[in-house]
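There are two complexes below, and they share subunit A, which is joined by subunit B in the first and by subunit C in the second.
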Partner chain A sequence: MELNISLAPDILFYIGSLPVTNTLIGSFVISAVIIAAMLLVKKRLKKDTPGKFQNLVEFLMSGAYDFVVSIIGSEKKAKKIFPLAFTLFIFILVANLATFIPGQAAVTFNRGGESVAIFRAVMADYGMVFVMTMITVILVQIVAIAVHGPFGYMGKFFNFKSPLSFFLGLMDIVGELAKIVSLSFRLFGNIFAGEVLGAVMLFLAPFLVPLPFMFLGLLSAVVQAFVFAVLTVVFVKLASEIEEEELVEEASM
Partner chain B sequence: MELEAAKMLGAGIAIGLGAIGPGIGEGIAASKALEAIGRNPEASGKIVPLMFVSMAIAESTAIYALVISLIILFG
Partner chain C sequence: MELFEALGLNVKILLAQLVNFAVLLFVIYKFGYGPIMKVLNDRQNKIEKGIKDANEAKEKLVEIGNKEKEVLAEARREAQEIIKKAQAIAEESKAEVVEITKQEAAKIMADTKKKIEQERAQIMSEVKGEISELIITATEKIIGKKMDAQEDKRLVEEIVGGIK
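On to the complex of A and B.
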């Protein structure tokens, strides 16, 4: 038995020149499952006597909405950011938890004689995580520009009042760029490391020994989904706040 | 020393040293949060999510170390 660890997802087949990887299939399946479940809830929506599943969905939604309001501090902003944050949360959560369904590793695709697993942990593909991170980061930039105005926003980075503030402004650029790395690699690293840890433990001592690590993976699957969505909300909140100094400046101008 | 062996050593040292700081920091965050919950159990609903977020931010340096060791290993 050979321990097989790869960063890049396995390519199943090509459509034209587009490589179709197992994580792409996985993400489509997960999206389809979420959309189908939500359509089912919508179709069977009852106002007076909600069913069990509708109860669960309503509980999740209202709890998450109240939490977003408590973080961002205003109902108006929360209404705008909630759909994105909750979509990210539910997609990452389902994608992470789907890796714990037993037996799916046995489903393989025959690619020219070698067998490739059809399902792989979606968040263990850096491309997927990077796209979601870029959605968040670009949104944060747009919000910041919309709130502060283009020149006000540039003024945050190029500040000529004193050498120290000029240097701090340049450091802020690095901080914005580091957001991309830290946000994406937090999710990717946790899920990828969980997969590798599980594989190594299974390789060293099968059956009982990997179980505690599976529990740890279950915990990090939920926590990382939560953290990604909450950090999105926190970044947007930070970008959409006008600092008091600026208010004073604007009032004095 | 062969290049391959040096790479393996470097990757191990990078993530090992990089994980020390966040490990201590997250431990402090968790201990303070548990202390706070012990004093005021009613507030646990507010404390626990904030604890997770702050732990995730403290984790960043470990993530950078992980990136470096992954680049050394696979890049």
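On to the complex of A and C.
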């Protein structure tokens, strides 16, 4: 038996020119599961006498919503950002937890003589994480432009008032770019490392020894989903706030 | 871009994943977040309305209780007033009746006195007549002879008148 770890997801086959990777299939399956659950909720949605399932969903959603409101501090803003944050959280959570369904690693696909695992942790594919990160980061830029206006937004990065503020403006650009890296690699790194660690442990000692690492992986699966969603909310909150300095400037103009 | 290759980044896959995520977001927004939040809001509004209604009802109840007390007090006061008035009227009419009775009594007294006076006068005259007659008879018997009736009577009356 040989340990096969690849940074990139494995391509299973091509549809036309689109390479279908195992994580792409995984993300589709997970989306389908979540969508099915949502449709089920929608179908059985009762106004005044919620069932147990609806109660659970309501509890999760209203709890998450109240949490978002407490972070962002405004019901109006929370209403706008909540769907995205909640979707991110649920998607990442389900994708991470799905990796703990046993027996997946044994399901392989024969690609020209070499066997490739069909299931791979979706968040261990940098592509998927990158897409979600870009959604968040671009959204944050849009919110910032909407709040500060295009010139106010640009002025934050290109400030010619003094050499220091010019330098700080350039640093802000670096900060925005760093957001992409920190947000995406935090999630990707944790999940990928967890996968690798689990695989290595399974390879070295298949019984009992990997268990603590699996618990750890379970913890990081929930925490990373939470952190990603919360950071999205926090970034949007920061972008949507007008700083006091600016208010003073506007008033003196 | 070796890094991208190493990470398995491919524009087409990224697009596919973007679409996938967008669909997921849309479905959750449309069928999950929207309706559930609506239901939650509706229920919250309903509960708030119920509580508000209950509070209003309680307030109204208190108000009605106060009004009831007020009305009762008013009624009691009015009753008291009516009783007082009735008492005053009764007092007044009592005095009046007493007055009238007194007057009546006085009148009756006077009438009675007058009647007694009259009767006495009548009796007196009757007695006088009878006495005269008696005297005439007695005198006739004594004298033994009958005088002319007219003369006799005149004489007797003269005598009786003298007596008187």
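By our rule, the second predicted complex is superposed on the first by the 253 of 253 C-alpha atoms of A that agree within 3 Å, B and C clash if a C-alpha of one lies under 4 Å from a C-alpha of the other, contacts with A are read in each partner's own complex, and residues count from 1 in each chain.
Quick note on the criterion: a residue touches a chain if its C-beta (ideal position, glycine included) is under 8 Å from a C-beta of that chain, and two chains touch if they have at least 3 such contacts.
The structure presented is a predicted model; accordingly, all values stated were derived computationally and were not measured.
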Side-by-side fit of subunit B and subunit C on subunit A, or clash | fit
Touched partner set for A:Leu7, first subunit B, second subunit C, both or neither | both
What is the contact status of A:Ala78 with respect to subunit B (first) and subunit C (second): first, second, both, or neither?
-> neither
A:Met128 contacts which: subunit B (first), subunit C (second), both, neither?
-> second
Is A:Val137 touching the first partner subunit B, the second partner subunit C, both, or neither of them?
-> neither
Touching A:Arg186, do we find subunit B (first), subunit C (second), both, or neither?
-> first
What is the contact status of A:Val230 with respect to subunit B (first) and subunit C (second): first, second, both, or neither?
-> first
Once the structures are superposed on A, label A:Val57 by its partner contacts, choosing first (subunit B), second (subunit C), both or neither.
-> second
Cα-centre angle that subunit B and subunit C span when viewed from subunit A, reported as a multiple of 10 degrees | 110
If touched residues of subunit A are counted for subunit B and for subunit C, the larger one | C
Does subunit B (first) or subunit C (second) touch A:Thr87, or do both, or does neither?
-> second
What is the contact status of A:Tyr65 with respect to subunit B (first) and subunit C (second): first, second, both, or neither?
-> second
For the overlay built on chain A, what is the smallest gap between any CA atom of subunit B and any CA atom of subunit C, in Å?
-> 6
Which residues would you name on subunit A as touching subunit B in one complex and subunit C in the other?
-> 6-7
As the complex stands, subunit B meets subunit A at residues 46, 49, 52-53, 56-57, 59-60, 63-64, 66-67, 70, 74
Given the complex with subunit C, which residues does subunit A contribute to the contact?
-> 6-9, 17-19, 21, 24, 27-28, 31, 34-35, 38-39, 41-42, 45, 47-48, 50, 57-58, 61-62, 65, 82-84, 86-87, 90-91, 125-128, 130-132, 135
Which residues of subunit C touch subunit A in the complex?
-> 5-10, 12-14, 16-18, 20-21, 23-25, 27-29, 31-33, 35-37, 39-40, 42-43, 46
Sort out for me which residues of subunit A touch subunit B in the complex.
-> 6-7, 67, 70, 178, 181-182, 185-186, 189, 193, 223, 226-227, 230-231, 234
